[in-house]
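The structure under discussion appears below in the form of structure tokens.
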Amino acid sequence: MEIGKIVGNVWATRKDPALNGVTFLVAELEDGKKIVVSDSIGAGIGDRVIITKGSSARNGATTKSLPIDAITVGIIDEKEGEK
Amino acid sequence: MEIGKIVGNVWATRKDPALNGVTFLVAELEDGKKIVVSDSIGAGIGDRVIITKGSSARNGATTKSLPIDAITVGIIDEKEGEK
Amino acid sequence: MEIGKIVGNVWATRKDPALNGVTFLVAELEDGKKIVVSDSIGAGIGDRVIITKGSSARNGATTKSLPIDAITVGIIDEKEGEK
Amino acid sequence: MEIGKIVGNVWATRKDPALNGVTFLVAELEDGKKIVVSDSIGAGIGDRVIITKGSSARNGATTKSLPIDAITVGIIDEKEGEK
Amino acid sequence: MEIGKIVGNVWATRKDPALNGVTFLVAELEDGKKIVVSDSIGAGIGDRVIITKGSSARNGATTKSLPIDAITVGIIDEKEGEK
């Protein structure tokens, strides 16, 4: 997983029909790269989150079979011990 | 997912038979890298799109079991809040 | 797989419900990149570990169907023969 | 998918038994990186091809269940509209 | 797939139980990056090998369902035609 910070939203009216109602956020990864993630845990701008990518993004509580490759799986409380 | 801009088309007469009728577009990612994506939502040159990669590209409305690894899943209306 | 060194912990109270009880560690890869990994083999800060990423992260002894994309699969005793 | 140019062949006598009869080509991607791809559409040196990577490489016409992660899926006729 | 050269071994006593008896080698990819691969074709230090990554690493002759993401699939005899 990677740590990212939520920095924006993105909207798409024309989209794959399976994605109606799915929230898309823009997350900035620790290397500065920005990706789009689906969120179902209530993350918002400014939150630091744990992001799961790839096929495991379809193992979220509400993401089974969706055409998505990145989701938020946790909002970070605290990190410790890292140099 | 990643955000890309559609910048071209690509045609292949000789191809895997499962890909007959599939549209291939060239998308430029935010880091400047160009990839080929399959499109079934009607994206065209100049559109900014959300792109899903990897196995989830086979979870599009019309892409089940295809030998493809990247699809457009949404045409972006607007982004907000991003620094 | 990649070799990483465990350098920290990360906690998230709000998370995907499937992740209750899952341990998250921060691992530094050999190129300096830091990722978050789930651990079920007892790795701790300072350990050098073998990390499996992608869908195979769901093939760990206790990780089936979890929305995670990186796990520790071994704690390294020794490396040999490497230039 | 990515666009690559076929620049060579590679042979392996000792290999996973499932790969007997599989053709391996060397493809140079647009960033200069060289990878090995399996081919079943008749691509040869000098051809520009569309390459599918990851699990979808097992969705080619003849590649089901093979331990391969990259295949040619089309030989490019023409590209248009790309800056 | 990628071409790598076997440059070392790595041992882990504490590991996921499914990995008992699995051989781990260190391979150096063409860009200099080192990864850990599982081997079941008899590769040894100094061999140049074809490496399959991702979910397809679980499609090796002896790797079904293992928590691994990279395997050797062939020992290279010869490459030809590459610039």
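As written, the chains take the letters A, B, C, D and E, and residue 1 is the first residue of each chain.
Just so it is clear, a residue touches a chain if its C-beta (ideal position, glycine included) is under 8 Å from a C-beta of that chain, and two chains touch if they have at least 3 such contacts.
Every value quoted in this text rests on a predicted model; they were computed, and no experiment measured them.
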item: Where chain B and chain C overlap in contact partners, by chain label; value: A
item: Neighbouring chains shared between chain A and chain E, ordered by label; value: C
item: When chain A is superposed on chain D by its C-alpha atoms, the rotation angle in degrees, nearest 5; value: 145
item: Length of the line joining the C-alpha centres of chain A and chain B, rounded to whole Å; value: 19
item: Chain C and chain D: spacing of chain centres that average the CA atoms, whole Å; value: 31
item: For chain C, residues that touch 2 or more chains besides their own; value: 54-55, 57
item: Graph class of chain-chain contacts, one of line, ring, star, complete, other; value: ring
item: Ordered ring members, chain A first, chain C second; value: A, C, E, D, B
item: In the complex with chain C, residue positions of chain E that touch it; value: 7-19, 24, 26, 33-38, 45, 54-55, 57-58, 65-70
item: Chain A partner contacts - residues on chain B that touch it in the complex; value: 1-3, 30-31, 40-42, 50, 52-57, 59-61, 63, 71, 73-83
